[in-house]
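Here you go, one structure.
Per-chain numbering from 1; labels A, B, C and D assigned in written order.
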Amino acid sequence: MQAFLTYSIYGTALFLMLLGLYAVLMKKNLIKIVIGLSVADSGLHLLFVAVGYINGGTAPIFSPAVAGTGTVMTDPVPQALVLTAIVIGFGVTAVALALVVRLYRKHNTTNIDEIKNLKW
Amino acid sequence: MKNVIIISLLGVTAYYLLSAFVSIPFGEDFINGVKDFYLNKSPEDLKVANVVTSIVVNFRGFDTLGEVTVLFLASTALGSILYRRRSSHTALNPQRTAPQASTLVQAGAKVIFPFTVLLGAYVFIHGHLTPGGGFQGGAIIATGFLLMLISYRKFFVEHNVLTWIEALAGTSFVVIGLAGLVYADNHNFLENFLPAGELNDLLSGGIIGIIYIAVGFKVGAEITGILDTLLTIKEAGLDPEEN
Amino acid sequence: MSSLVILILIIAGFALLSYFGHSINKTAGNIAVFAAAVLIPLYWFTRVDFSETVSFTISGFQMELGYNMYGKLFSLIVMILSPLALIYALGYMKDSKRTGTFYFSFLFSILGMTGILMSRDFISLFIFWEIMTWSSYLLVIFLGKDVEKTGIRYMVFSALGAYAMFMAIVIIHRNTGSMMLNDYFNAFGNFSTGTKFLTGILLMFGFALKSAVMPVHVWAPGAYSNTPMAYTSVFSGALSKMGVYGLGFVVINLFAHANLHFAGTILAWLGAVTAVLATFSAIFQDDAKKLLAYSSIAQLGYIVTGIGIGTELSIFAGLYLAVLHAAFKGVLFMAAGAVERQAGSTDMTEVTGLIRKMPLTFFASLVAIIALAGVPPLGGFVGKWMLYESLINNGNFLMVIMIFLSSTAAFLYSYKFLFGLFLGQEEPEFENVKEASPLMTIPMLLLSVFLMITGSFPGIVFKYIAEGMTDLGFHDVNWQMSVLTNAWGDSVNLQHVTLSIGVVFVVFLIFLTWKGYKKTYYVSTKDISSSGEVIKPEDNMTYSTDFYKPFERVLHPILKRKIEKYYDEFGEGIGALFDFMRRIYTGNGQTYAFYVIVFLVILLVFSKNIFGY
Amino acid sequence: MTDPVYFIAIPLLTAFLLPLFGKIYKPLIGIIPGLVFAFTAYISFDLYFNLEPGKPVIVQMAGWAPPWGINLVFGEFSGLIVSLITFLAFLVWVYSYNFKKVGFDNSKKYFTLLMLMVAGSIGVVLTGDIFNMFVFLEITAISSYGLTAFYKGRDSAEAAFKFLLIGSLSSTFILLAILLLYKQTGTLNMAEIAIKSQAIDPKIKSIIAILFFVGFGIEAEMFPLNGWVPDAYSQAPGPVAASFASILAKSGIYALIRVFYTVLDVEGIFNLLLTAGLLTIIFAEFTAMRQTRLRRMLAYSSIGQMGLIMVAFSFNTKAGVFAGLFLMFNHAVIKTLLFLASGFLTYSTKQKKIRDLDGFGKIMPFTSLMFGLGAFAIVGLPPFSGFWGKLNMLTATADSNLYLVIALILVVAVVEIIYYFKVIGRLYFRERHEDVNIQKPTWNAVLAMSILALVIIGVGLYPDFITDYLAKATNELFDKAGYIKHVLPSLSLN
């Protein structure tokens, strides 16, 4: 059971990440590429949270309900990190979308194959 | 063909990464991590119930400062990327290309908007007590604004106000951090110099609550600003790329 | 402060002074250049302490400056030839633009050469070598023609040579932990065979390239002829001798400490082949500058042969030829420059009959040509004599034949040069040509006087060569002021030779003058009778056109295989390869992302091999 | 008054407040960032020269000792690089203070982005926490995207998008590596990871190392991850390209070095770095030779230099690291000068082609001279500083018995000479055919370029100005136990 959980949970998160990368590598539409980056980020964030989980753990909050009961708590560190990672991912996505807008204005297309004025 | 190549490449990557991740089974605790220290110190020294918050704002507060900077940066970069020189002829005539939303949506949005903002404020004010915090609260507030932006073609945010909020909130974060250099016991950046209070009190955690409120304002203002920049075209018509 | 450092600083100071002087106005700059031409040699001859050494450590490398006698010999060339060339340049460059840059580079190349000759460690040697290289590069492209082709070719080959040296230097440092020349020579015997070969051959390659030995000579003709002639005299006369200098001490020291004679023999063969082929090429040049350039390569071939054989006499001959070559090639390039400046061209099919217009230039060229051709009674003869003797002694008969062939063939181009420019019929368009200014003729004449003296008294040069050879390990070299001896017991008293030839010459001159003076009248090449053909003004009727056509036909199969062509083809091939390589940067962002993933996957798949777990 | 925290805090504070300053008095937008750069340069020099030997300045954030809190380490190694970055950043500000007055009215955003990019790079260098390094790397990256796309008329958005695409992949890999490290060691502090990393399963460690290698390699312009470089360098404003070469690339290579020298102990990575560095040199320099546009040529040359730096660091010897630092110094100073000069050389030409520069030596004497000097220095001709870097590099290579590498580096150096001298030939020894509107460099640009030129000549004539500092930095980098001892006094490397 444990092994199944391990493989399925990490596998799912990694699958999501690689799905995003697949979109980045295969899709021709700039917007889809940005979405791919976003999806890859989400998969990564899921991985973070999954790594932080401890069997039978509760949320790491000392509310009066749990205080002093000695329950196991999940690891708070990846949760804090994922918060940072999400914000950074958001920032990158926003900049990417702005660039897509600029590129569309200039080239009148969102096909990445047609946007290569700079080469060699 | 390309499909097959890429899928097999990603498959190989997946195989290696998965083999690295499954080395420690899911949900297993490891020893000697820094987390135990955080779990002990957060309620004892900082009197902060939400350990994630105490990590985000205090133990790793420097990261959060960077994070806030990233958001600020994103909005600045966005402004710089989509910036257009104002020609003297065309007056500033902001407009949106999106179609007008239905009356139902408009009315609903009007009702939901204040509550969304209120919820956001609640979330970031109670960041050290309950799940949530400045980023989450700010994001909720921005959602409220997004709702308004997409419902009303004529709803515009005042960028001047946003600038002031961003500047003051960001400044207060850094200033609070710098104050730690002067007033705190060990004279460290971002160190707590206020009384910690009691666990699970609203006024607990010293500077943590204050910083999270500042972060909430800043995030709310910045995301709203970003959404507005992306949604609104400042000038009538699309000018061709200059130069 | 040490006199050596002061010398370097003086030269650098004058370089800057000339540059800024010229940017203010021409007179100020020219005064600075003149002062440099006078004061630098003056300081060198009177104040420089040749026994002094200066040591210092920079960036963890020990460096040392100090003259030895061998370096002093070459310094003598630099210190005599370059001031004369500088003074010549004052006349030659009078109407040019950007003279500031010219003199700046000129003086910096003198600085480079001076520094090379006083370096006792590889680092300062290399630094000065590079300074010499880039300053001469600036002069090669100074006139702005053939910047891409000749300039880049010169720079590429120089860089190849310099970097071969550089590689040798760092390998030496790795094996000895020191950068001193002497440490290298002393430790050489203990090196592994591979290191011996690698360092020896790399160093030799670097130096041989500067002295334009055959497969790597292609930079030379273009560079020599492309440079303002005021500098070419130094370029060919002194700068190329830096290669000879380096070859000398490397070859000798390697022979002394290891049995690498065959490397020297290869070098000697290359020198001989160079001499022959370059001589043939020189014969068929129509441009006097190109002709002189090829002739320089050929002459350097003799010198390299002498050095490469590595016996006492051959080196002695090589060094003597090096000194003489500096003098006569200096004169010839100056003369070509004078003609170019006065008549507007050095194309021998156009410029003819300048003997009456430019008698001083002609006289200087005549002396230099005689010295070059190795005809008694001038100095070139002495050098050839010794070279032949050393080759015969060594049993290299084939090489003797080659050298002999080349020096006989040298008559052909020597004559072509003299005839083409100075003799022959006078053309109307050169009616108003005048003799060059004294600033230009005096240096030429001084050098030709030197050449005449060495014809009967080669001993004044022998003295310094013998001194210099002590540093190469030949301690008691016999020499006499004006008597040549050989191993077979023959001896020649040069004064007798000079005297007898002089008498014949004078008699002949008087006879010619008396016989021909009255009846001479001058006609243009167009002033001929032809059977029905009308000579148009633009027809080139000078005798110098297709001067050696029959020879050319014979030698064509040899000479058509221009080595330049192979280099050019190689360069084009490389360029095409580079063009192919840069297609990797397709311009498509997605492709770049694909590269990233591919790279990651490759590393992951081979992680076991990379990290060896 | 000198605390490494100010490196980060002051630029951030100013960045937040800059919009408000602009509302008060417009010229403050240009002046205030300059004061900030001057201030950071001042404190970096102050801290660096007052550093006690072998005793880095360590500050804790929020009063928690290192394994728990984030810390900044200002040692001889990181301090040297920070000083270099702040010095060059100040010069870039001096240069760009009134660069392109017309069309530069968006300067508020320009200076904000520039300031944050510098602060981010400093953060990458100073931080002692691996995740914090990631955050600062992202700050640097996002501000670079913004700066790349700063000009509207060019293809700058295209360049920035490529940069962003590759940069996002880089951050994904780095995050994965950090996550794996955290999973294995339970900590994010670099010193503690250094202790615990010995116990990590080598197979997983190698995967972590590869992820870091690819992630930081993208920032460090490694082949084949450097597709974004030529585009970004050629499309960004001139001073920004200069700061990419001198600041962004430096923080990338610093992260690479720090992780592999201090944090992870994987021997095999050095051979990999050597191979990647050599490939980088070959492809970059050979591609550079066939470029027709000046800035693209400089960009490829910059990649080549970075490859050389990687090769130097791959020897894992003190001589190699010393040479690598020397090359980093040279590359930062000289490439900055070249980019700054090229900014004015190509100012008015639309295509920015090399052949547009014919005869510029006469009409723009100062800028051309600066470019020529930079070109002489970068190809390693004495008596300029580039020579000493190359000399140390090659002796280090020889000491590692890599003779073939020496030959390769020198062959590539010949290629480098060809394309730089082609430009010089065009600048000085060609006649101009058509008239062109030129932009004389402004006084502040002249000042910035002159200072760089003086540094190049000064170090070239007397390299011992800096060799002591480089040697100290080298020793510190190799003193892994010392680093751990200073950061974590209670723990030690077993």
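Simple rule for what comes next: a residue touches a chain if its C-beta (ideal position, glycine included) is under 8 Å from a C-beta of that chain, and two chains touch if they have at least 3 such contacts.
In this text, all values refer to a predicted model and were calculated from it rather than measured experimentally.
**Student:** Taking every chain's C-alpha mean, which one sits closest to the mean of all protein C-alpha atoms?
**Tutor:** D
**Student:** If you tally contacting C-beta pairs, which comes out ahead, C-D or A-C? Let me know.
**Tutor:** Looking at contacts between chains, C-D has the larger number.
**Student:** So, what's the distance in Å between the C-alpha centres of subunit C and subunit A?
**Tutor:** Computed from C-alpha means, the inter-chain centre distance equals 69 Å.
**Student:** How far is the middle of subunit C from the middle of subunit D, if each middle is the mean of its Cα atoms, in Å?
**Tutor:** Result: the chain centres lie 44 Å from each other.
**Student:** Using Cα averages as centroids, what's the distance between subunit B and subunit C in whole Å?
**Tutor:** Subunit B and subunit C have C-alpha centres separated by 73 Å.
**Student:** Between subunit A and subunit B, what is the gap in Å from one C-alpha centre to the other?
**Tutor:** 16
**Student:** Of all the residues in subunit C, which ones touch at least 2 other chains?
**Tutor:** 582, 585, 587, 589-590, 593-594, 597-598, 600, 604, 607, in rising order.
**Student:** Can you list the residues of subunit B that touch 2 or more other chains?
**Tutor:** Those would be 6, 10, 13, 16-17, 21, 33-35, 38, 60, 63, 66-67, 70, 73-74, 77-78, 81, 241.
**Student:** At which residue positions does subunit A touch at least two other chains?
**Tutor:** Where subunit A meets two or more other chains at a single residue, that happens at 21, 24-25, 33, 47, 51, 77, 81, 84, 88, 91-92, 95, 99, 102, 106, 115-118, 120.
**Student:** Subunit D touches which residues of subunit B in the complex?
**Tutor:** 16-17, 19-21, 23-24, 30-35, 37-38, 41, 58-63, 65-67, 69-70, 72-74, 76-81, 83-85, 163-164, 166-167, 170-171, 174-175, 177-178, 180-181, 184-186, 188-192, 241-243
**Student:** Would you pull the subunit D residues touching subunit C in the complex into a rising list?
**Tutor:** 158, 161-162, 165-166, 169-170, 173, 202-203, 205-207, 209-211, 213-214, 218, 224-225, 227-228, 230-231, 266-269, 271-272, 283, 286-287, 289-290, 376, 381-383, 387-388, 391-392, 394-395, 397-399, 401, 403, 406-407, 410-411, 413-414, 417-418, 421-422, 425-426, 428-431, 462-464, 467
**Student:** Considering the complex alone, what residue numbers of subunit C touch subunit D?
**Tutor:** Touch list, subunit C to subunit D: 58-61, 101, 123, 126-127, 130-131, 133-134, 137, 141-144, 147-148, 151-152, 155-156, 159-160, 163-164, 166-167, 170-171, 173-174, 198, 575, 577-579, 581-582, 584-585, 587, 589-593, 595-600, 603-604, 607-608, 610-613.
**Student:** Which of the residues in subunit B come into contact with subunit C in the complex?
**Tutor:** It comes out as residues 6, 9-10, 12-13, 16.
**Student:** What residues on subunit B touch subunit A, complex-wise?
**Tutor:** For this pair, the touching residues of subunit B are 2-3, 6-7, 10, 13-14, 17-18, 21-22, 25-29, 33-35, 38-39, 42-43, 49-52, 55-56, 60, 63-64, 66-67, 70-71, 73-75, 77-78, 81-82, 129-131, 133, 135, 199-200, 223, 226, 229-230, 238, 241.
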